[in-house]
Amino acid sequence: MNIAEGLTALWNTTGLMNIILPADPNLKGFEQILHMHGQWMMILICLFLLWLGIKKQFEPLLLVPIAFGGLLSNIPMPPGEAIAGPTGFLGIIFEAGIHKGLFPLIIFMGVGAMTDFGPLIANPKTALLGGAAQFGIFGALLMAYCMFGFTMPEAASIGIIGGADGPTSIYVTTKLAENLLGPIAVAAYSYMALVPVIQPPIMKLLTTEAERKIQMTQLRDVSKREKIVFPLMILILCVILLPSACPLLGALCFGNLCKECGVVERLSDTMQNALINIVTIFLGLSVGSKLSASQFLTVQTLFILLLGIIAFSLATAGGVIMAKIMNMFSKTKINPLIGSAGVSAVPMAARVSNKVGLEANPQNFLLMHAMGPNVSGVIGSAVAAGVLLALCH
Amino acid sequence: MNIAEGLTALWNTTGLMNIILPADPNLKGFEQILHMHGQWMMILICLFLLWLGIKKQFEPLLLVPIAFGGLLSNIPMPPGEAIAGPTGFLGIIFEAGIHKGLFPLIIFMGVGAMTDFGPLIANPKTALLGGAAQFGIFGALLMAYCMFGFTMPEAASIGIIGGADGPTSIYVTTKLAENLLGPIAVAAYSYMALVPVIQPPIMKLLTTEAERKIQMTQLRDVSKREKIVFPLMILILCVILLPSACPLLGALCFGNLCKECGVVERLSDTMQNALINIVTIFLGLSVGSKLSASQFLTVQTLFILLLGIIAFSLATAGGVIMAKIMNMFSKTKINPLIGSAGVSAVPMAARVSNKVGLEANPQNFLLMHAMGPNVSGVIGSAVAAGVLLALCH
Amino acid sequence: MNIAEGLTALWNTTGLMNIILPADPNLKGFEQILHMHGQWMMILICLFLLWLGIKKQFEPLLLVPIAFGGLLSNIPMPPGEAIAGPTGFLGIIFEAGIHKGLFPLIIFMGVGAMTDFGPLIANPKTALLGGAAQFGIFGALLMAYCMFGFTMPEAASIGIIGGADGPTSIYVTTKLAENLLGPIAVAAYSYMALVPVIQPPIMKLLTTEAERKIQMTQLRDVSKREKIVFPLMILILCVILLPSACPLLGALCFGNLCKECGVVERLSDTMQNALINIVTIFLGLSVGSKLSASQFLTVQTLFILLLGIIAFSLATAGGVIMAKIMNMFSKTKINPLIGSAGVSAVPMAARVSNKVGLEANPQNFLLMHAMGPNVSGVIGSAVAAGVLLALCH
Amino acid sequence: MNELLTQGLAIMFIGMGTVFAFLCIMIVAMHAMSGVVAKLNKLFPEVVPQAAGVKKVVSSADDEVAVAIAAAIFKRGK
Amino acid sequence: MNELLTQGLAIMFIGMGTVFAFLCIMIVAMHAMSGVVAKLNKLFPEVVPQAAGVKKVVSSADDEVAVAIAAAIFKRGK
Amino acid sequence: MNELLTQGLAIMFIGMGTVFAFLCIMIVAMHAMSGVVAKLNKLFPEVVPQAAGVKKVVSSADDEVAVAIAAAIFKRGK
């Protein structure tokens, strides 16, 4: 090898040479453009996602790694050496952590170890609000399946965006429609960050000023024993009724039991910190590695983004309307604003309820009341995920 | 699929349908009952283990994850999707971490990084007490092999319960008799928690009031250099004499060297905290995944539980008697109560020595003296494990 | 098996029996000696490396685990059970973490999360010093290839020692010449620790007293935005110009972006602590597992040690001379002592610049000025690594 | 299209039905649990075991460290 | 030997050339970036978003904990 | 049964023998080590290297951070 040859070899590996791929004679029109220009377009999109994460603080803990993973996976590399390929850095992590389903479950453990089910135990009926909010999942599924031509497993994965629960979305999509993982993850986390924007207009539209002013009575104290028994009870119910939801709910309950039982604080601390952080880094990067042009720059992605916002809106509406229905039959009224917290997106949705409530009545602190539907929304989404995994597999 | 079909499909996956398996025409009597009813019985047993861990605080750091892993692995799932199966969450972790032997070794590293060999270095002859306590291992092995019909590798795995050292038990059992991993791990950790109950009567039975009042002289100071050289010395001895104990003792010595050398505190801290905690979570869950009815609800498990307590008792007696023998030949008397600390179960056994000693003589602080046999018991068990791995493989 | 048989079996596994292997009739002379006596010689060498790490504090965070891994891997075990073999503890970790390239990249992430590029952004032209210091890499490569008979991939791996960057050395060597990983890693980390010894004489030889007294003007403030954009800019440049450097620079930039963007502190903290510490433990141990006699006790190792120190010296000289050349063409003089910091070895090389500068002029604080070339040296080495990976693969 | 709609609606009804069924049973179970625990709390007041619990939180591993620290202090105090 | 030297020197020139090319382009890009960012900082002063940024650093996960803590305090304060 | 007992006892004797052999050699080695180290400690008193050791514990990675912090303080102090 002399200098000229070496320079040529090096030049041929540069991104300048490969960022625009040569035309493929078998492709036409838009597909051809995508094939040729997809990589640098994806790099721009990932930079936009980074901006959303850093500047707009859209769930930055996930969106920054996802977007960076997307950047890395769209680097033009010689075939067989792509960072997201089977022997590449991100490809290996994806295979070990996402494809086999470990990472979302570990994150769910951490979520369990951070969640306080006390407000739900103190006011069990608010669980119904978390159930009604799952209407977002099935409404979006129905539309995706009947109107947008997705297959049933794809439609189920898209619908689950309405669960407003990142790890659940990633877990279900990996099992049912891995090809849509990139756009679904991006949609799920983006819309979770947009909860304070999406929800308030819907909440105000569906409630009267008087309803928004309803004050709720102080929650009762919840004893330690109840908090310890609760995760076990959920798991047993899940075992009896819906085993397919058990990996997700089992991980959640394990984390929560470790938190509440008070004798394994070392483990609970680790789940809430070192472990969840490490897994978040790798989950984000490797989910991002699925942001390839051929899978992301499609009309399907637009549909997914559209269906995702529909799912969030339906979920919000479902929770609020359920609260109003419950008020028809119950003497102790609940403020329908806490219904919107049933979408999960813990604890942002509960904060939105609180904020809108304070606007109507400055003495009306709904935060703790909204935590009940909020955490039951997590359980509800996991149950819905179990149903979809059982039926659409 | 219409609603009726869907509901039927879902109903067939429920635990209600599958928690009691249909009768197998090839099985009879007790085996048939186990086959049909084993899963819910195991769930009850796991709930009992959880209660032991949480309420009775039996080694909760291990018993809570083990019991929860047992719960998860006994959930009736469609074949091929079992959480403890080869593609399930716990199955994957078990394969990667336990079957290949990594987790117990990593925990042993952390144990090394937490252990202070100073009291042993200050009074080397107490190592003999830690040796004598290994009689529990071989006594139980002998009984398991000759009286209970276990094979030699199984008997060796059962005997090692008497080492009172969880990671050693798991490491050896994984190599020699993986089918017994569930009951052996449960027995090992349960009895370690029962040390304050099992040991005192044996200790009092074997010693006179006068012996229990023996006061021991203050331990000398141990210099930093001795503490640094000690783990290397152990490793070199192990290399020369018994390479099959090197994975275990090597991990222990590495952790201890990192602790004592004083120049890698970052690593030592990590081994004692983030790393050991993360591995404990996954080790516990995946060991628990071996708590299946077919492997746990057997008469063998009863034998193992019985042999385990015999092993602990023999180990305790061995240590105490050895101390009395040593007193016959030595001028500086040692209090035989520190002999029982030779079973390991660091540092609980040392505390028991201290407590029983204080009962006999309120001025008699045996804690530091008991740490010598206590840590040498860890080395002794690892040596015994090496012998068994070399001969029974 | 009776006692005699058992004792014989056990005796045959002891290290005493196997530490000196039987003569191989096919080998002669020095090779025969190595074959027979290699293991205990390597154990002595590893003890020496431990002494360097603990007593002399040569990069102890890496050298202690590497040396201990070397100890463990030279334990005479029955074939198929070697700790560094394919089913052994260290062999499994090596395969999963080093061979697939994950560990060095994860460490590079952590390095990125600890690095402040501010001083480089404030004074961009100092990047040239970090470039000139890469002369060490290519000078040593040339000598290794032309004078010492190494193949090109081997020569490239040896040259990269001159990058003074541990993870880069390990990453490149794993890809190009895995057989040399042991000696190259030892050389890289040892010489990085020797920077305060190797560099000052060269620096003083190449500079005049007047030059060493040059005072540099205060660096300007760097805004948060610049620090956030910088890692992205580097990555984009790398994508365009040299995709083969993208895994390394991508990991570095990801870590740095997480540090600077300010919205993912949890992740940045984890990268700088739990994650980098855990990976350092396993990287060190498993790199050490390549310290086998047949690969380390060769004349090549001597050559590598020699070439390594040449590489460091050339790198130092390159940086200093470049600074003097730049002073010829620029009005604002830079102190050539900061040129030596271009070798990376962050932040030790920058400290050496500062110390030698203070000797010449007690008012001359060069530390922050030297951080510019120091961190650009990291980028320069990664670029050089990319070139070598692209051309020598 | 019609068949799609039938299937989609079937999934929707089954799904929402299961979610509500699960949550309703959960609500019932929570009320039952609260009742049982309230009785338990009366029979075996929580305070004492709790306090012990908090104390004993230090795990065996921490104990080990604690012993080592105690030893160190003991030495130094001499 | 001669061919080795040619090849070795080729790698050296290509390598050093690439390193310097990369760093020179980087220097130019850094100057450009500094200019652009300086203008940006004038147009949209950094202070305000920064302060917000620092405040909002607590992640959603931390929030959850914060809410739980707030709840606990709230209860106790009663 | 008889053969089982023979084998079991053989393992027992070998095992306990090995454990005691190992520990006895360890005891001898510990005494030897203590002697050697005691002499070493006289020849090269431990205090000085120890103090240095403690100081230098901060690893190169921490140093990096330290430098960054120093830089930040330096800037602010201006």
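Think of it as A, B, C, D, E and F in the order they're written, each chain with its own count starting at 1.
To be clear about the criterion, a contact is a pair of C-beta atoms (placed from the backbone, for glycine too) under 8 Å apart; a residue touches a chain by one contact, two chains touch by 3 or more.
Computed from a predicted model, the values in this text were never measured in an experiment.
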If you apply the touch rule, which chains end up adjacent to both chain A and chain B? C, D
Relative to chain C, which chain has the most distant C-alpha mean position? D
Which of A-D and C-F has more C-beta contact pairs: A-D
Centre-to-centre on C-alpha atoms, which chain is most distant from chain A? F
Between chain E and chain F, what is the separation of their C-alpha centroids in Å? 40
I'd like to verify one number: the distance from the centre of chain A to the centre of chain E, where each centre is the average of its C-alpha atoms, in whole angstrom. 26
Which positions in chain D touch two or more other chains at once? 7, 9, 11, 14, 18, 53, 56, 59, 61
Which chain A residues touch at least two other chains? 1, 6, 10, 57, 60-61, 241-242, 262-264, 266, 274, 387, 391
Dump the list of chain pairs that touch, please. A-B, A-C, A-D, A-E, B-C, B-D, B-F, C-E, C-F
Give the list of chain B residues in touch with chain F in this complex. 120-121, 124-125, 127-128, 130-131, 134-135, 137-139, 141-142, 145-146, 152, 155-156, 223-226, 229-230, 233-234, 237-238, 241-242, 262-266, 376, 379-380, 383-384, 386-388, 391-392
Along chain E, where are the residues that touch chain A in the complex? 6-7, 9-11, 13-14, 18, 49, 53, 56, 59-61, 63-65, 67-68, 70-71, 74-75, 78
Which chain B residues qualify as touching chain C in the complex? 100-102, 105, 109, 228, 232, 235-236, 239-244, 246-247, 250-251, 254, 257-258, 261-264, 266-267, 269-271, 274-275, 387, 390-391
Along chain B, where are the residues that touch chain D in the complex? 1-3, 5-7, 10, 55, 57, 59-61, 110-111, 114-116, 118-119, 192, 218, 221, 272, 276, 346-348, 350-351, 367-368, 371
Per the touch rule, the chain C residues reaching chain B in their complex are 1, 6, 9-10, 13-16, 18-19, 43, 47, 50, 53-54, 57, 60-61, 64-65, 68, 71-72, 75-77, 81, 83, 87-89, 92-93, 273-274, 277-278, 280-281, 285
